[in-house]
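The following pair of complexes shares a single chain, chain A, combined with chain B in the former and chain C in the latter.
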Partner chain A sequence: MLVDLIQQLFNGLVIGSIYTLVALGLTIIFGILGIAHFAHGSVAMFGGYITYFFIASLGFGLFPSMAAAMAVGALLGVGLERIAYYPVRNAPPINAFIIALGLTLIIEKSNLILFGVDQIIIPTGFTRVFNVGGVTLPELRVYILAIAAVLVIGLTILIQRTWMGMAVRAVAQNRPAAVLMGINVNAVSMFVFALSSALGVAAGVLVGALFAIAPGVSGGLVVKGFAVLILGGLGSIPGAIVGGLVLGVSETFASAFISSAYKDVIAFLLMIGVLLVKPEGLMRRSAAR
Partner chain B sequence: MRRLALLALAGAFALSPMTASAEEKTLTVGVSDALSGGGAVYGMPQKRAIDLAIEQINAGGGIKVGDDTYKLATIEYDDKADPTEATNVARKLIDRDGVKYLMGYCCSASTGAVASIIGREDAIMLVGTAGARAITAAGHKNVFRTRPPGDYTGAAAGRFIASQGVKKLGIISARDVALFTQYRDALIEAFEAEGGEIVAVETFGGQDRDMTAQLTKVRGLEPDAYFISGYVEQVAFAHRQAHELGIAAPRYGFSGGSPEQFLRVASSEAMEGVWDLLAIEFNADALGETAKAYAEAYQAKWNEYPTPNSAFAYDQVYVLKAALEAAGTVDDLDAVKEALRNIEVPEGVVLNYLPVDGKMFDPKGQAYISNGAFQFRDDKWAFVEELPSDAAAYSAYFQTVRD
Partner chain C sequence: MSRIVLLAAVAAAALAFPHLVTANYFIHLAVLAIIWMIVAQGTNVIQGYTGYVSIAQGGFMGIGAYSSALLSLDAGFPVWIAMLVAPLATAVAAIIAGYPSLRVKGHYFAIVTLAMNMVIFIVLVNWIPVTGGEAGTSGIPAPEPISIGGLEISFERRVNYYYLVLVALALVMLLVTAVVRSRVGLVLQAIRQNETFAEAAGVACWRYKLFSFVFSASLAGFAGALYAHYLSFISPAPFSVDHSLNAILAVILGGSGTLAGPLVGAALTTALPEMLRIAETFRLIIYGVGLVLVVIFLPRGLVPWVADLVGRFAGRRKDAGAENR
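Let's look at the complex of A and B:
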């Protein structure tokens, strides 16, 4: 029983780490620009497809392909910000909202046209399975946890320790004051979109390696990402990390102890519960605004 | 001027009996199938099989209906396996093209939509691979289907698993696809009737590809065997993850995927020994000489091996031929329906149909074929044995359900 419990915890943490990566990208964009970037999931899928293309057609290794795809994703993010969101930065929020929906359709359908309808699995070659006291740890899943952890730590250092990170935090806290301090808000929004899209691509690659990239997957990913955002607190980075892991583990435990038929229901019940009890989210102080 | 018009009219009347009494006529049938998009993997092979059957029948002299001989021709449309599209195609075929016979129909959602309106139309619909039970269960007098409904096979599968010495079975299956839930429920009923115990019924949704939570839970209940069913794209992940979790008990399933589709996701070791329990669709090993001849002809015409489901469509054409010959008319649809309802399994069909009361179709227009157990061995599905199928008993039950 204990073995099964630890096994389920591990299963949940792996899924949760992917949710975390998706939610991190969404949360930094929301925190700084106030945009609900629905197209994030499609960008993630695009990154997965590109990675597969690098591996299958150009013969790159997994990690170089992933890095290259993240770079492409970052460029795509900057492009999206410049072409789609920048022109409506001073318009009512509903405009950015509609644009986000439009972008989702455009990227989703472009993926369909470019890469077809079949599900694609990114080949990794990581097929070993470790067994620790009855708990099975597939190699690939262990690496996914590790990659997610490295990315999260890297992001934290970037935001907390670098000048650009400080600028990002400043804009998030008080935009007019940041402008008065001489921070280039344009550069900050481009940086945020690049960072967020690169993270999204990383999440897409992990999904593609562990499961598959296919039409329809991105929608579910974004819904889960926003659920994490609400769980953890809109715009909060620690909230996205904790929220993602909590969601992953609670889904798995819901499957294990109640029924898999109610897996998604329970995730959303949890979200509603948090909204009722702590509407600002798990990791956000209520005095933060 | 008026006289000229009259003359022309007289000329037209004089001409028309001549064309009507010509020796050879053409009967145009409508084909509606998924020729693009996700359903095309089922729809294209069906269209090709129909084209092949028509070519063979025409080359063999056509269909003798009363004193006339008919050659077959088709009008083919892409319904994209989409309900709206398929309904539009059916309207176009019936209203604009004036077609009386519709065939093809690979996919449940699109076919279900057409089946729900076809009862009011003056046309006969022959359904192929679409598996949802309601298509024929609704009882429209002008719908006939060569593929048996999913739960017919499910009952046979439940008896088979029990016969393999399995006492405790853990189930993981697709949550919201009627084909799989109906199959699963029939399996559970038959398995429990044989004295077996179901330890858990876990499910997964449409885009789920992580079944580790469900598998871990069922593993903890220590069943003798697992039953995993759903579309191959998802079920393949369940087998991969079961292997990763070190599950050694036998895994039975129902999904009908090709070895290539499974091996794209799961390794050979993960798949070795897995069972697929399904209606014996086209399979040259399990069926006889007609099937081999069909495979050769299909390969010669289309330069690829026929998919398992393609034979459902191929057989539609031979069924129609037999019914038209028996009815002696192509225009009196009531007579053709009556003939379809009463024909024996005709010559030329590929699949091994199990007649009910000596007739190919039961009163609801449903045909039954034998079911088989296939096992994954050395990267291929090997035919092991026929399942204990009872077409007559299922048909009796089938007459009582409507969805």
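Let's look at the complex of A and C:
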């Protein structure tokens, strides 16, 4: 029984780490620009497809392909910000949300035209399985956890220790004051879109390696990302990390011990429960309501 | 004055439509468009007038559709009764769902309602003994025939069902107009403009928000019932998040916070995809591009934009035209 619990905890953390990556991108964009970037999931899937393309058609290795795809994703993110979100920056938030829905349609269906309807599994070659005291640890899952951890730590350093990261935090805290201090808000929004799209692409690659990439996966992914945001608090980076892991673990436990068909329902009930008890999210102290 | 003329012209066109256009396919589209207009008008109440974006309207439509279908199929209720109970059942579901979720605002609310729609969808797919799962429920009866002055009207006929949904839409429009123009409607608009201020002015905002949410959901449920008895077959697919987004799109496209906007928007979102029948995927890309362009260039929607244009032309001809709008 204990072994079972630890096994499910491990599986949950692996899935949770992917949710965390998705949610981190969403939460930085939300923190800086107040946009619910619904197209994030389709960008992630696009990244997964392009990684597969680099590996299967151009013969690159897994990690170079992933890095290249993250760069392409970053460019795509900047393009989206410039073309679609920038013109509505002063309009009511609902407009940006509708734009996001339009972008989701465009990217999702472009994926379909460019890469076809078949599901794709990114080949990794990591097939070994470790066994520690009865707990099965597939090599691939261990690496996914490690990659996610490296990316999260890298992001934290970027945000906490660099000049650009400080500018991002300043804009998130107080936009007018940041502008008065001479911070170029335009550059910050482009930077944020590049960063979070690259993270989203990384998440897409991990999903493609662990499960599969197929049309329709992106919607589920982005909704889980938003669920994490609600759990952790919109705009909070520690909240995205904790929320992602909590969601992953509770979902895995629910599907292992209660019902796999209703696992998403349980995840959403958890979210609504958190809203009732602590509407500002698990990791936020100030009640922003 | 010109508004009354316009209204009469639209009503006459709607009444004459099945006789002018006799192709079954177009009447079918018109019935669907009218059903979507009811859903969009409901979305408009919560989104356009109250300022809360609900992404659960598709799911509520599903609750209405399934409850009406199952009441008439399994419980043996007359269809007319089932169709009236459906919005009430949807309202009960909306009260349960709305009470916790209306504690949060803005994007939080939108995301929670999105999750709600997914929950409804998952339940519809997995609760197989009741809903039939993805295979759906078929053999849903049409409303019983009624006789007016010895003339029997059967709703198995498409044209008659068209008139039925048209009457339903007219009733919904009357109801929504009455609500929007009442004190409650004013409070809802106050909440949209500045909720903190409304609260400070002594309004118990949560009651009005809950009312708005439940009212919009029961309109969606009513539309769902009309949909179920029209097609006689339902599956979970039309009640997914995609269709909630479609309703939001209809409201934005037509003009949110206007009474005519959602009607125009729903007609366009039903007709445009049919007209753009190049290929499914390209069509949706064009749709997405159109959406982005409309929000960037016509953020208030088509109806206010056209009204402005007309107002400007009229204003040029006779200077006092500005007030009649």
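As a working rule, the second predicted complex is superposed on the first by the 286 of 289 C-alpha atoms of A that agree within 3 Å, B and C clash if a C-alpha of one lies under 4 Å from a C-alpha of the other, contacts with A are read in each partner's own complex, and residues count from 1 in each chain.
Here is the rule we use: contacts are C-beta pairs under 8 Å (C-beta built on N, C-alpha and C of every residue); 3 or more make two chains touch, one makes a residue touch a chain.
Computed from a predicted model, the values in this text were never measured in an experiment.
Participant: With everything superposed onto chain A, say whether chain B and chain C fit together or clash.
Facilitator: Result for chain B and chain C: fit.
Participant: Name the contact category of A:N184: first (chain B only), second (chain C only), both, or neither.
Facilitator: The answer is neither, since A:N184 touches no partner chain.
Participant: From the overlay on chain A, compute the angle at chain A's CA centre subtended by chain B and chain C, rounding to the nearest 10 degrees.
Facilitator: Superposed on A, the angle at chain A reads 60 degrees.
Participant: Name the contact category of A:D4: first (chain B only), second (chain C only), both, or neither.
Facilitator: After superposing on A, A:D4 lies in contact with chain B but is clear of chain C.
Participant: Would you check which partner chain A:N174 touches, where first means chain B only, second means chain C only, and both and neither mean what they say?
Facilitator: neither
Participant: With both complexes superposed on chain A, which partner does A:I99 reach: first (chain B), second (chain C), both or neither?
Facilitator: After superposing on A, A:I99 lies in contact with chain C but is clear of chain B.
Participant: Which partner does A:T162 reach: the first (chain B), the second (chain C), both, or neither?
Facilitator: Once the two structures are laid over each other on A, A:T162 reaches no partner at all.
Participant: Tell me the contact category for A:D264 with respect to chain B and chain C: first, second, both or neither.
Facilitator: In the superposition, A:D264 touches chain B and chain C alike.
Participant: Between chain C and chain B, which one touches more residues of chain A when both complexes sit on the common chain A?
Facilitator: So, of the two partners, C touches more residues of chain A.
Participant: Could you grab the smallest C-alpha gap between chain B and chain C in the overlay, to the nearest Å?
Facilitator: So the smallest C-alpha gap separating chain B from chain C comes to 5 Å.
Participant: For chain A, which residues belong to both interfaces, chain B and chain C?
Facilitator: Shared contact residues on chain A (touching chain B in one complex, chain C in the other): 219, 261, 264.
Participant: Okay, in this complex, where on chain C does chain A touch?
Facilitator: Chain C residues touching chain A: 47, 53, 100-101, 103-108, 110-112, 114-116, 118-119, 122-123, 126, 241, 245, 248-249, 252, 256, 281-282, 284-285, 287-292, 295-296, 299.
Participant: Would you tell me which residues of chain A are touching chain C in their complex?
Facilitator: So the residues of chain A touching chain C come out as 30, 34, 36, 84, 87-88, 91, 93-95, 97-99, 101-106, 108-110, 112-113, 219, 223, 226-227, 229-230, 234, 261-262, 264-265, 268-269, 271-272, 275-276, 279, 289.
Participant: Give the list of chain A residues in touch with chain B in this complex.
Facilitator: Counting only chain A, the residues touching chain B are 1, 4, 7-8, 11-12, 15, 117, 119, 121, 127, 129, 131, 136, 138, 210-212, 214, 216-217, 219-220, 251-252, 255-256, 259-261, 263-264.
Participant: Using the touch definition up top, name the residues of chain B that touch chain A in the complex.
Facilitator: Result: residues 37-38, 175, 202-207, 209-210, 212-214, 216-217, 219-220, 233, 237, 244-246, 264-265, 267 of chain B touch chain A.
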